[in-house]
Structures are given as structure tokens and as C-alpha cells.
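Here chain A shows up in two complexes: once beside chain B, once beside chain C.
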Partner chain A sequence: MQNDKPILSISGVTKRFGASVTAVDDVSLDIREGEFFALLGPSGCGKTTLLRMIAGFEVPSEGAILLEGADISATPPNRRPINMVFQSYAVFPHMSVFDNVAYGLKVAGTPRGEIRAKVEEALSLVKLDGFAARKPDQLSGGQRQRVALARALVKRPKILLLDEPLSALDAKLREAMQLELTRLQKSVGITFIIVTHDQGEALSMADRIAVMEAGRVRQVAEPEVLYSRPNCRFVADFIGKINLFMARVVRAEGDLLHLESDALGHVDLPCPEAMAHPAPGSQITLAVRPENFRLGGEAGADDLHIPGRITDHAYFGGHSSLFVEDKAGNSITVSVQNGPSMLSEADKCDSLHIFCSKKDVLILPE
Partner chain B sequence: MDSWRRSPLFFWIIGLPPVGWLAIFFLLPLSLIWLISFGEKQGIVDVALTWTLDNYARAMESIYLEILLKSIVMAVAITVICLVVAFPVALLISFAPRRVKPWLLLLIVLPFWTNLLIRTYALIAVLRVRGYINFSLEWLWTQANAALSFAGLGQYQLLGARFEPLELLYNNFAVAFGLVYVFLPFMVLPLYAALERLDRSMIEASLDLGAGQVRTFFSVVVPMAASGIVSGVIITFIPALGSFLQPELLGGTDSQLIANVIERQFKSANDWPFGAALSFILMYLTFFALALRSLLAKGKSAMEAA
Partner chain C sequence: MALFARRRLEERPGPLAYHRRLFLRLIFVGSLVFLYAPIITLIIFSFNNSRRNIVWRGFTLKYYEKALNNDGLIEAFVNSLTIAGVSTVISVILGAMTAILLWRFRFPFKAPVEGAMALPIVIPEICMGVAMMAFFIRIGWPTDLIWPFNLGAITIAHITFSYPFVAMIVRARLASFNREEEEAAKDLGASEWQTMRDIIIPFMTPGLVAGALLAFTLSLDDFVITFFTSGPDTVTFPIKVYSMVRFSVTPEVNAASTVLIAITIVFTAVAMWLQSRSSQDGR
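Coming up: the complex of A and B.
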């Protein structure tokens, strides 16, 4: 289903509210046909505003939005082949489930006979067969959301927008719906753009993710790339858990950087391609994921090792987080799989060494 | 909460004064009037309770039925005009920027701060032959004539030899105008409250699904404001049906409404029993309208449940 042709191009879009608020700041994105795209970022970073500009509820202050190459920046929402599932679902309370789903078709002048068939198909797509006659106040939150989904899908839009669709559901239902949404997206083949502030949700559902901060897009990448090769400190910190260490550049030898860090000691690392070579003496940030540390065992030739002691631990079922304090007083989080004797053994150690392979150390430009 | 319910004394203490008030000043006079409506006039001030139905029979005479019918038609018309005028106003206020909203609401409520009688007299100054509307029209007429003269068409007197003022006062139009003017805020406020509760994303969802502004207004905004429409209609229709000041001050000889007839019975005609009977017929009509409404609402929800 997926190819590399962009269905939606956002180019240099800025949205200002009044003189002081810049909600979206010079964002450029290409969204490919048939992909499941996520806009991820902390609260207030401009995700909803960007989505509303794609839907047509806000007009960009600058820049253009192109749908299949045609500029739609000034097209009103009712003339865009784009539909939206609202965060509050916005299911019409005075209409039955059937009438809600049929609304968009009736408005478009679809013949009556066709409407019935299409509505039933859409309802069975979201597993709501038999609910057609119900009123929205006779539905649970999850069911109401399915109505909103069916109502948008029945229009067969080129793009479906979802604004935090799962945030009002409880944890169990949310997980089930995550799976179902991805399944649904693959089966209908419509491009989905979802807004979320939950990184787990974005990682598990999306083909590609744009991480936003304060109105700007910081990185656009596949989930694995985002996790293993974040391009900045903000993304590294926002996606998953990570330990950050300050380091000083001692000197650069070709592509190899000699760094000095009070936690990791002396490290030689290749400079990342995307980064300009830092001047000697400048500060950079190093990062290591908690699961890339090992406790005990033998150090390999290329491993870094840090002496420290365990100050605390937190149990999460499948894994535990250990909080290790190094000699300089930095707190380092280490994630370990829970084996039968793991914790009790680790607990006993008053002083220990943690290891990590050099290739797992990330260099983050500031 | 529960311990409150278990302490009946508390409820008696806070409940008794208002109940007593209602009984003494509302139920008692109402019962008196009800009794009087079955009485006969004796002498100048006395009424004998004879359980006669003559007063009600007399109210069924065609002259009174006609006035009653006219009052109903007038009240319906006033309510419809108020609804049509108030809806856009309420919509405008609810969509106004947050800063100006309180000021717009203040404008709507402002007339309440002025005595109704004064406001109605002020309307006379606006509507009469030498009133502000006619002054404005005359000014326009003069300007238009001057423009015509300037264009060299002066001698044809295209707009008539002289300005003819409009007869705006002392007729049914003036009564309707006055009533709409008075009841508009009663319609605007409940509509505004309903529209304020309306989730903006409902409107956006309708637009998003391809509906235009007009379709969205009639398919989403109006049905979702139904509760406000019903309360607005009720609190406009009932007092409009019993209105008496506007026909009195603004109306002509043919503008009498049922309330004017009732007033005359209690005052100049000094026929309390007949006035009481007319009052109760008006009240029964109102009850009937309210019962009809709740019946319709019940039937509708029953139909939907089926």
C-alpha cells in the first residue's frame, strides 16, 4: 500500500495567534500516501494547531499545505477530502448512530440505497454492527469513538486525521484500540495522521513520527530510528528513558572525537554524520539508554565501565530500574531484565561496576 | 447529604417560610378569583358565590372568542418573530470574542433596568407621526429629492409633492413592535445559554463531514439548541398571551387583546366575576399549551425508543 509519493506536503507553515503566540513555527513535512504518521510532542507544542490547519479549521499565517500537489491552504474544511476524528469525538447527540455515520453521505447527496449499504459496511469495519439504532447517550466512550471513526471513514477521505483519539480511554482499552487502529489503517489503506503526546502510542502505531517541540519539528523518522538514533537532546529525552552525560571535546582526529566526561571517563567516538565537527574545548551531550548498561560480568575490550553503587530500585514486573550513583554523584538509570535472583544479588552490592558498549553511546548536538 | 434528610426539623425550618408565602400570596388569591368566577355581582362591590356558569357561558360569546383567538394569533406571531430575530443575535453573542461578550450581554439585559412603562412611552416617541422614524424618513426623502433636482429631474416630483409620514402608531403593527421589543431579551437569553453549551467541535465536525454553513446551522446548531428554543418559546409565549400594557398604550381601537378585556372587567366595568372567568380561561389555555408540549416531547422520545 505504501509508497514514497507524498500525498500531503506541508511547506514552511507557520501559525501565529495574535502578536505573541507562535503555535506552529516554520514546519515542513512530507506525508506519504498510505502511511500511518504520528505527530508527537509535549502539551502545547502545536500538534492540534497543525492538525487543524490540515483539516482547514485554521489558515496558516505563512507557508502552504499541498494535497497531491494542489495548494489547499485556503480551501474550506467542507471542500477538503480530509476527515477528522475529534478528541471529544463530537458525535451528534441528537442523531442515532446510523444518522451520525450517514450524515456526511447525505450532505454529499449520495443516493439513499447506497447510504444504507455504506453505513453498514463502515459500522462493521469498526465492529459496531447492530448499534445503528442507538442514540449516542446509550453508548460507552469507546463505542462513541468508534462511531466518530466510522463517520469519518465512510467518506473514504484521502487522509484521516485523529486528535489524541485514545486519550479518554482507560489503559486496557487504549492498548486494544492501538492495535485495532493499526489493523484498520492497513485494511482501508487510507493515510492516517494521528496526534499524540504519548510516546508509547506513537512508537507502537506509527510508520513514521514527527517529534515536535514549541511549534517546531525536531526529528522525523521511523520509530526504531527515533529511538536508537535521536538527533537531539530533546528527542532523546522525550522518547523513552535515557541517561545524559555532559562531555568536553578534547580534540578531534579526523572523524574521531576524543571526549572527556566525568561520569564516563575518557571516550573516543566517531562524530555523527549529521553533526558539524565540534571545536576542541566545547561541550557536547552523550546519552546511553538504560537497557544498554550491564551489571557485573566481564568487561569487553571496547566497553566503558563505571564504578558506582545502587541507591534505589523500582520494580516493573518484566524489568526493574536500578538507580546507580557514580563516584562524581551523577545518578544513572539502569534497566535490567528480572531474573529469579537478579535483584537480591544486585541489592547486596554496595559497590559495583556497570558496563556499556561504546557503540551504544550517542552523541547529541545541543 | 443523607444526614440532612434524616433531620426533618431542618427541612421544616427552611421549608416553611417559602411554602407559607406561596400559600398566602399565591394560592389563596388564586382560589379567591376561582371562586369569584362562579359568582354573581350584587350591588357595587359585593359578589355572591352562586356556582353559576353564566360567566363562562358569556366568555364563549363570539366577540370574546374573537379577541381570545386574536390574542393567541398575536402571541404566536410575537413568539415566532422573537425566535427568528433572537437566534442570530444569540449566535452572534456566543461566538463573539471573550472580551466583548459581557458587554453584548449587558446590552441585551440593559432594557430590564428601565421601567417598562417608560420604555413603552419612549416607543411612542419613536413611532408617532412626528417621531424619530418619520423624521429619519423625511430627511432621507429631502436628500433624495435634492439629489434628483441636482440631476435635473426636480420638476417631475418623482417622490411625491411632499413627504407623507407613515402611520406607525396606534395600530396592530405598533402593538406587535412593542411586544417583540419587550420580549426579545427573554428569547435571547435562553438561546444564548443553549448555544454557549454547544460544543464547538460539533460544528466543526459537521463542516468537516462536508456540510456547508447553512446545512450545519439547520442540522446541528438548531437541533442542539432545542432546549433553549423550548424555554425561550415558553417564557415568551405565556406573557405575550397575557400582555396588556402595549395594546393599551400603542394600540388603536381594534388592537384590544384579551388582557385588556379582563382589565376592563376588574376596573371600569366593575364585573369581577366575568373578569375572573376570563382570567381562568386564559390560564387553562396556557396549561393546555404546556401539557401539549410535554406530551409531544414524551411521544417523540417514546417513538425514538421504539
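Coming up: the complex of A and C.
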């Protein structure tokens, strides 16, 4: 289904509320046809505002939104082939499930017989067959959300927007719905744009993710790339857990940077392509994921090793987090798989070495 | 012995079991008596076979017959119902529109406008009455129109004081409306007008019914303002009753009042039934 043709182009869009609030700041994005795209960011970073501009409820202060090449910035929401699932679901309380789902077809003047067939199809798509006659107050939160989903899908939009659709559900149901949403998206082939502040949700569902901070897009990439090669400190910190170390550039030798860090010692690493070569003496940030550290064992030729001691640990079932303090007093988080003897062994050693491979050390600008 | 102790414990009223405390029961019964004893007396004495209507002299329906044959009373009755009906319809329309305006739009001097709208509620009725009379005389409102147009002045006065109540009730209801429902309707392709018809008005309905009920009863029993705006040909029921009572308190007045009470009760019951049905539909 997926190809590289953008179905939606957001180019240089800025949204200001009054003089002081810039909710969305010069955002440019291309959304490809048929993809599952996620807007991810902390609360208040402008995700909802961006989504509402795509839906047509807000008009951009600057920039343009193009749907299949045509500028829709000034088109009212009821004339856009884009539908939305609202954060509160906004199911019409005085209408039955059937009438809710049929509403969009009714106002479009679809013939009655056709409406019945389409509504039934949409309801079975979201597994609500047999609920048609119910009123929304006789439904659970999860079921109400399915009504909102069916109501939008029945219109066969070019793009479906979802604003934090899973945030009101409990953990178990949320996980089930994540799977179901991706399955649904693949089966209907409609482009989905989902807003979320839950990085796990974005990583597990989306084909591509845009990470936003304070109205700006910091990185747009596939989940694996975002996790393994974050392009800045903010993204690295926001996606998953990561250890950050300050380092000083000693000198640059072609593409190789010689760095000095009080936690990692002397490291030489290739400079990332996207980054301008830093001047000697400048500060940069190094980052290592907790699961890229190893405890004990033999150090390879290319490995960094850090002496330290375990100050604390937290048990998470499948894995544990160990908090290691190095000689300079930095706290480093190390994630280990829980084997039968792992913890007791780690508990014993008061002083130990942790290792990590050089290729797992990330250089972050800023 | 232990069983007995348990029973004593159960019989002591809990902290929230107010209905089981003697003192509160007495207050409850007392207030019911003070509220309804006069009304019940009025109804009972409408069947009294005595012209002076002070002591009970036996059952009769003749005063109902007399009231029905009293053309002046019937005319006043019809006038009152006409005024109440027309002013209710117009008050509900105006009130709903005002509520939507205040809820939906931002405009300069919104707070003063909102305050001014509530003025007819707080201004003493007597002042309203005098002001209305002065106003209609000043603009030379014609007094010699044929029925029902001669009721115009009273109807306008009634609309003036009852539509703010409707506006306030509907406005309070709209405050709890989820704006995302409106956006959802538009997102699904509904125009502004379709959204209003299919989403917002159904949501307002309980407020509209409550407002209509209030406007109707306010209009039906208004005396002061009506007194200043009515002429010799436009007598309403309360004014007619007042003039009859000044003569003498006959069971005829009781009979007419009883009929009015019955009509009000039926109307209220229908409105409450409508409201409970629509609140079953929505929230």
C-alpha cells in the first residue's frame, strides 16, 4: 500500500494564539499515502493544534497545508475529506450507535439503503456488531471510542486523525487497541495521523514518527531510527531511557573525534554525518542506552569500561535496572535481563566494571 | 440479650437517616401543611353550598356552573391563556437565541450586555409595570384593536420579564456542552445549520422545556405588570379574580381558581414528562 508520494504536505506552518503564544512554530512535514504517522511530544508542545489545523478547526497563521497538492488551508472542516477521532470521542449522546455512525452519511445525502449497509460494515470493522440500537450511555469507554472510530471510517476519508485516542483506556485495553488500530489501518489502507505523548504507543504503532518540542518538529524518522540514532539530546531523552555524558572535544582527525569525558574516559568516535565538525575544546553530549551496557565478563578490544559500584536496583519482571555510580559520582542506569542468578551475583560485587561497545555510544549535538 | 442489643443498635438512626428523626419529621409535615393547607381549603370550599363561604354548608357544584356562565370570567381566562401561550413561544425563541449568542460569540461589551439582560429579573415588578405603562402611552400604542391584537401590550410586557429566565436556564445548560461534539458534527460534513439542528438544539431541549414551563406560569399568574398594561377590554384572569374578591369572596372565585390550578398541574406534568423523556435520550 505504501509509497513515497506525499498525500499531505505541511509547509512552513506556524500558529500563533494572540501575540505571546506560538503553539506551532514553522513546521514542515510530508505525510505519505497509506502510512501510520505519529505526532509525539510532551504535553503542550502543539500536537493537538497541528492536528486541528489539518482537520480545519484552526487556520494557520503562516504557511500552507496541501492535500494531494491542493492548498486546503482555507477549506472549512466539513468540506475536507479528512475525519477525526476526538480526544473526548464526542459521540452524540442523544443518538443511537447506528445514528452516530450514519450521521456523516446522512448529511452528505447518501441514500438510505446504502447508509444501512455502510454503517453495518463499519460497525463490524470495529467489532461492534449488535450494538447498533444502543445509546452511548449504555457503552463502556472503549466501546464509545469504537463508535467514534466507526463514525469517522464510514466516511472513507483520505486521512484519519486521532487525538490521543488511547489515553482514557486502562493499560490492558490500551495495548489491545494499539494492535487493533494498526491491524485496522493496514486493512482499510487509510492514512492515519495519530497524536500521542506516550512514546511506547508511538514506537509500537507508527510507521514514522515526528517528535515535537515547544511547537517545533525535532526529528522525523522510523521508530528504529528514532531509537537508535536520535539526532538531538531532546529526542534521545524523550524516546526511551538513556544515559547522557558530557564530553570535551580534544581534537578532530579527519572524521575521527578524540573526546575526553570524566565518566567514559578517553573515547575516539567517528563524527556523525549530520553534524558539523565541532571545534576543539567545545562541549558535546554522549549518550548510551541502558541496555547497551554489560556487567562483568571480558572486555573486547573496542569496548569502553567504567569502574563503579551498584547503589540501587529496581526490579521490572523481565529486566532490572541497576544504578551504578562511577568514580566521579555520576549515576549510570544499566538495564540487565533477569536470569536466575543475575541479581544475586550483581548484588555481591561492591565494585565492578561495566562495559559498552564503542559503536553504541551516540554523539548528540547541543 | 445480645440479640436485643443488636436490635437497639439498628434502630438508632444513622447520621444521614434524617427521615427517621422525629424533630425533622415534624418540620417536614409542618412545612407541607403551611404550603398546601390554604390551597386545599380553597379547593374544598369551591364545593361549599354557601354564598358567604365561611362555614361549610354542604356539597354543591353550582358555583362551577356559575363560573362557567360568567362571561367576564371566561373571557379573562381565555385572555390569560392566549397571552401565556404567545409570550411563552416568543420568550423561548428569544431566550434561546440570546443564550446561544452569549455562549457562542465574543463581542465588545459582552459582560454589560449579559448583565443588562438579567435586569428584568431583578428590577422590582412595580417599577417594571409603571415603566411599561409609561412606555406604551408615550409611543401611543393603540388600545382599540380587535381581539387578540388588543392583548399585544400585555404580551410584550410578559415577554420582557420572562425571556431572561429562559435565556439564563438555556445558557446554564449550554455551559456543559462539549464543544467537541459540535466540531465532530462539522468534521463529519454537517454545515453550521445542520449542526445547530441535529446537535445543539437537541442538547438544549431540557433547558427549553424548563424555560417554557417557567415562562408560561410566570405569565399566567402575573398581576402587577399586567395591571399596569391592561385596559378595560383586556382583563386577565388574576385581575378579574382580584376585582371579584373586592366585591365578595364567593365560592365562584374558588371554583375558577381550582380550574386554573388543575390546568397548571396538567401542564407541568406534561412538561416534566417531556423533560424526563428527553433526558433519557441525552444526559
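The definition used in the following text is that the second predicted complex is superposed on the first by the 366 of 366 C-alpha atoms of A that agree within 3 Å, B and C clash if a C-alpha of one lies under 4 Å from a C-alpha of the other, contacts with A are read in each partner's own complex, and residues count from 1 in each chain.
Heads up, the rule we're going with is that a contact is a pair of C-beta atoms (placed from the backbone, for glycine too) under 8 Å apart; a residue touches a chain by one contact, two chains touch by 3 or more.
Note that the structure is a prediction, hence the values are computed from the model and not measured.
Asker: Taking chain A as the common reference, can chain B and chain C both be placed on it without clashing, or not? Answer clash or fit.
Answerer: Partners clash after overlay.
Asker: Quick check for you: in the superposed arrangement, does A:Arg151 touch first (chain B), second (chain C), both or neither?
Answerer: The answer is both, since A:Arg151 touches chain B and chain C.
Asker: Using the touch definition from the top, say if A:Asp137 reaches chain B (first), chain C (second), both or neither.
Answerer: A:Asp137: touches chain C, not chain B.
Asker: Using the superposition on chain A described above, determine whether A:Pro42 touches chain B (first), chain C (second), both, or neither.
Answerer: Neither chain B nor chain C is touched by A:Pro42.
Asker: Just to be sure I read the superposition right, which of the two partners does A:Phe92 touch: chain B = first, chain C = second, or both, or neither?
Answerer: Both partners.
Asker: Regarding the shared-chain residue A:Gly265, is it in contact with chain B (first), chain C (second), both, or neither?
Answerer: After superposition on chain A, A:Gly265 lies in contact with neither partner.
Asker: Applying the document's definition of touch, where does A:Pro77 land relative to chain B and chain C: first, second, both, or neither?
Answerer: A:Pro77: touches chain B and chain C.
Asker: Residues on chain A in contact with chain B in one complex and with chain C in the other?
Answerer: Chain A residues touching both partners: 55-57, 76-79, 82-84, 86-88, 90, 92-94, 103-104, 107-108, 135, 148, 151-152, 155.
Asker: Over in the complex, which chain B residues touch chain A? Could you list them?
Answerer: 199, 201-202, 204-212, 215, 219-220, 223-224, 226, 304
Asker: With touch defined as at the start, can you tell me which chain A residues reach chain C in the complex?
Answerer: 55-57, 76-79, 82-84, 86-88, 90-94, 103-104, 107-108, 135, 137, 148, 151-152, 155
Asker: Which chain A residues qualify as touching chain B in the complex?
Answerer: Those residues of chain A that touch chain B are 55-57, 76-79, 82-84, 86-88, 90, 92-94, 96, 103-104, 107-108, 135, 148, 151-152, 155.
Asker: Taking the complex as given, what residues does chain C use to touch chain A?
Answerer: Contact set of chain C toward chain A: 178, 180-181, 183-191, 194, 198-199, 202-203, 278, 281-283.
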